[in-house]
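Paired with subunit B in one complex and with subunit C in the other, subunit A is shared by the two complexes that follow.
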Partner chain A sequence: MLNIVVCIKQVPMVTELPWDEKTGTLRRDLAAGMMNPACKRAVEAALQIKEKQGASITVMTMGPPAAEEVLREALAMGADRGIFICDPILAGSDTYATSFILAAAIQKEASGCDLILCGAYTSDSETAQVGPQLAEELNIPAAAYAEHLDISGRILRVRRLVDNFRETLEMEFPALVTISMERYEPRYASFAGLNKAFMETDIPVLNAEALGITAANLEARGSRTKVRRVFIRKTQKENVMITGAAAIAAGEFLDRYQRAISAVIGKSIEAEKQA
Partner chain B sequence: MKTGKNKRTMKNKQKSIWVFGDYRNYYQNRVTLQLISKAVDLARVVDAEVCAVVFGHNVEEWIMEYTAHGADRVLAIDHPSLTSYSTENYLALIEKLARQRDPDIILIGATDFGREFAPRLAKRLKTGLSADCVGLDIAPEGLLVQIAPSFGGHMLAEIVTEKHRPQMATVRPGTFKEIPHNYERTAIVERLSLPANLPASRVRVVEYERAAQKGHTIENAMVIVCGGRGMGNKNNFKKLNELARLLNGDVGATRPVVYAGWADHDALVGQAGKHIKPKILFSFGISGAIQHTAGLGEANFIVAINKNPQATMMKIADVAIAADASDLLNNLIKELKKRIRE
Partner chain C sequence: MQFNPCMKHKLIRNSARHFAEAELAPIAAEIDQQRIFPRDVIAKMGELNYFGLQVPKEYGGAALDSISAAIVVEEISRVCAAVGLCVTVHNGVAVYPFLQFTNASQKEKYLPQLAAGNAIGAFSLTEANAGSDAGSVETTAVKNGTDYILNGTKIFVTNGGVCDVALIFALTSSPDNKLQSSVFIVESKFPGFLRGELEDLCGMRANPVSSLFFEDCPVPEENLLGKQGDGMKIGLTTLDNGRIGVAAQALGIAQGAMEAAVKYAKERQQFKKPIASQQTIQNYIADMATEIMAARLLLYRACELKDAGAAFGCEASMAKLYCSTVASKVTSLAVQIHGGYGYSKEYDVERYFRDARVTEIYEGTSEIQRMVIARAILSQQMM
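What follows is the complex of A and B.
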């Protein structure tokens, strides 16, 4: 039977977070978490493989305590086992560090797994880097942006559309694939499934120590990038401001710019009076 | 110790900024040329050469193009086995070259290919990478400052890779401007042979073909009428079509609007969507988050309509109309119908 690991992430429910103009920060407090949409499709892809040929599915996430929720949701959808990586010293990891930590967890809890699935990108940062970097950590073949998976024996076929090229790729297990948003419309978790996942299932929590990660090897294998400064863009440009009632503003705008517009579109625009 | 100079074996070695030659879809996607242009700016500051790296079969055309657009050096590996793009093959090649030559910076276009290739290369070279930079600069002490959107696009973050080399960044197509070509330019071209001990790719390409191109895209429209969440609802949003029709233009949209189903994904403008270059852009009820404005780099003349005069979009516009978006739209349509002579 195939062993599949699906790496998933919790993201804010609204990708367009409200903005607090006064304090200059995001109102993260207003945003509940949800499973990243592409990760949900990765869970769905795993479930379809399981239905077709049998598989055991482990879902794994790293995040703050609240992120455990997405594991339970994946269990409710039909995954078999959840693994939660949670430790304040791992917070703020860049993709370089995250892929190192996920690899450590896979080696500890699911070593020998055949297939690792990730969402191709997350809705909150969209770097699309963790999946490919995890493949490097584990030193296995990989394909990003998969639309369709086919398995025969130990051979995995991946169909994808990248940069306007249709590709079919083939590789042997173990392999890593990131799932795009094109196919694998995720199923809803059943009520019974949710009930069971939230009430009856224990999800082990792994901290850094359990993964054999120390401050020293975080220094060696951890984040490479550093955010130096975060700032608001300076944008004000010399411009024309038009205010007032919409009907008048629309007229004023055209009076000033209709000749320029007309030159671009090749239609004549003239105020009625002048006609 | 601070900037990783300890890693350098040769002192006073010529610094090099590499740009990965991503030539698939060359005529639609000029990202490699745009990065070469940026690299030329950076190279001036840090006194480096700009080096384009290109793998494939029959790459003479790209060598010529990269030279004409500003590269000082081109490293090329031309071999029939490299005819179709292959992440693993290209990784093995560039990793080897990077280890031999120790570039200071590697810039990679954020195409689908680049977005898979760059993170893996960064991991192999044990260095940092920032995705989708909207600006690149050199800090006083010589580090590459990678400016990337942060916190939902209302802020920018300056990211640096302090201790590890090369410093790596991906950049979306359309972010920078290419230098016009000059076919008189010359560069040092190194035509390298395929290393003999190249590991076989573990990923086999079974099928590889160009997908059918979509005919019409808003990338070529002269006038674009873009709408955001400030349009209020789908019905109001649909009226943008009428203005676009009157102005022989196309309709664009922001991401929340696409997610809400008011517009198709094809209409998405910004980092995750299209980069547009209209002569005239109307922006109705759009706040101006960086992920959106990243797609407007080449818009010539921007008219923003927003009820909030302080919105970023109003500040970057040439004409800012403080009004209710739908109200202004309806009036503009009415006025235009009176004034247009077909």
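What follows is the complex of A and C.
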């Protein structure tokens, strides 16, 4: 039977959250959390493999205490086991640190697993980096943005749409695949499933120490990125009325937009005028 | 008592909200106008345990606690109160008596199909001359061999047009020839079970509310619920529970109407600024939010008592009275905030306004709730 690990993430439920100007991170505390949509499709992909040929599904997440919720939801959908990585010293990890920590957790709790699935990207940061970086950490083949998986024996065929080309990749287990938003429409969790996920299932919590991660490790393998500045991009539209006699108005139009017009026609109006 | 939702309650709310917004929001206005019972959505809901919210697992239910069940009804009603009505009546007054009063073989026979939503349930007490006065039922059940023969007419039966199993209150004779109220499990396929036309109602129009007629309808004696003469006891206990459900429904309607009004108030420009910047509109919104929060806490209090096995009838009536009053007020204010548009079917608040009104009437009118509450308070030792 296949052993599948699905790495999932909790994201804020709304699309626009205020930033914390000091730290440059989202004020996640201001919104209810939900399972990242692409991660939910990765869980669905795992469940469909399980239904077709049998598999044991472990779902894993790292996050603050509230993130446990997405593991419960994945269990309610039909996953078999949840692993929760939660430790304040791991807070604020970037994708580089996150993939290092996830790799440590997989090696500890799901060593020898056949297939690792991730969402292709998250709705809050959209880096799409954790999946491929995790494959590097574990030194296994990976394919990103998959829309369909087909398994025969130990061979995995991954269909994906990249740059408007549909391609099929083939690899052997163990492998890592990130699931795009194209297919694998996730199922609803039933209330019986939700109740069971809360009332009858224990989820072990792993802290940094349990994963063998020390302050020294984090020094070496911790976050490499720093958010220097965050800002909300403002777009504005403005209607400009140029009035007056045609010749004067045309002149004013050229003066006002000469840079934009030059860019379009490929030569400098300024130079033209001077000539 | 907990004042913050736990993780399970949050996830159940998100789950029901996601379903309602994806499956019901796109059709809610149309099924209201066309009076359509959305069977395909109902079938999906059946698979997800919406019709067996508190039914034990061994009968295929979700075995949820009462706050979870109330949250589900709230969230469905927030989007589509008529389907919320179907869910709350099915769970609250059709399935609940099976959990409380039926024997093992009745549970075995009916609960799995009710919990799966393969059979829709109804509860039928009201008649032309019996509503608030539950003792004036005129439908009769006369023992004939191993059957009871039912004759009579029930009116305003929620789910009446589609129900497969209905709990029918009828008069039976005691051995000493006294009339007593009894309850029967009646399947729609029994001969002599007839449905009337669907009612053309002000609100809740997607719910197939209808009359039911019984013409020499034979009901096997094993379909007697509880004992002969248990009708009043079963009715009152069941209505206590049903009131929690209607309170949750009313609360969901109020929540939906407030959210619509807040969204509109931020968008609608008058005097070159959003109307939300006007203090009058802000006062309306503050009142709406405060009363909805108070209503929710009162409702969950009743749920908590019920789950603790304590008496909850008085609190259920308080929750039903208050939530329905708040629903009517909030939906009316939501229409007011929308101005002329609020009176148009173009906006959802018009439907919320119509749907809210009946929550003050069914499952015991507000006047009956006050009677129940006053009786409970007056019968206690003076504080």
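In this text, the second predicted complex is superposed on the first by the 214 of 275 C-alpha atoms of A that agree within 3 Å, B and C clash if a C-alpha of one lies under 4 Å from a C-alpha of the other, contacts with A are read in each partner's own complex, and residues count from 1 in each chain.
The rule we apply is simple: contacts are C-beta pairs under 8 Å (C-beta built on N, C-alpha and C of every residue); 3 or more make two chains touch, one makes a residue touch a chain.
What you see is a predicted model, and the numbers here were worked out from it, not measured in a lab.
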item: First (subunit B), second (subunit C), both or neither touched by A:261; value: first
item: Contacts of A:69 with subunit B and subunit C, given as first, second, both or neither; value: second
item: Partner chain(s) touched by A:51 [first = subunit B, second = subunit C, both, neither]; value: neither
item: First, second, both or neither for A:231, with subunit B first and subunit C second; value: first
item: Subunit B versus subunit C as contact partner of A:150, first or second or both or neither; value: neither
item: Partner chain(s) touched by A:209 [first = subunit B, second = subunit C, both, neither]; value: neither
item: First, second, both or neither for A:251, with subunit B first and subunit C second; value: first
item: Dominant contact partner of subunit A by residue count, subunit C or subunit B; value: B
item: Set intersection of subunit A contacts, subunit C complex versus subunit B complex; value: none
item: Subunit B-facing residues of subunit A, complex; value: 15-17, 19, 24-26, 94-96, 99, 125-130, 132-133, 135-137, 140-145, 157, 161-172, 223-233, 235-237, 239-244, 246-247, 249-251, 253-254, 256-258, 260-261, 264-272, 275
item: Subunit A to subunit C touching residues, read off their complex; value: 13, 32, 34, 66, 68-69, 72-73, 76, 188-192, 194-195, 198
item: Partner subunit A, residues of subunit C touching it in the complex; value: 7-8, 10-12, 14-15, 18-19, 44, 47-50, 52-53, 57, 60-64, 68, 72
item: In the complex with subunit A, residue positions of subunit B that touch it; value: 24-25, 29, 85, 87-88, 111-113, 115-120, 122-124, 126-132, 145-146, 150-152, 154-164, 202-211, 213, 222-223, 229, 247-249, 255-256, 259, 271-272, 279-280, 288-290, 301, 303, 309, 312, 314-324, 327-328, 330-332, 334-336, 338-342
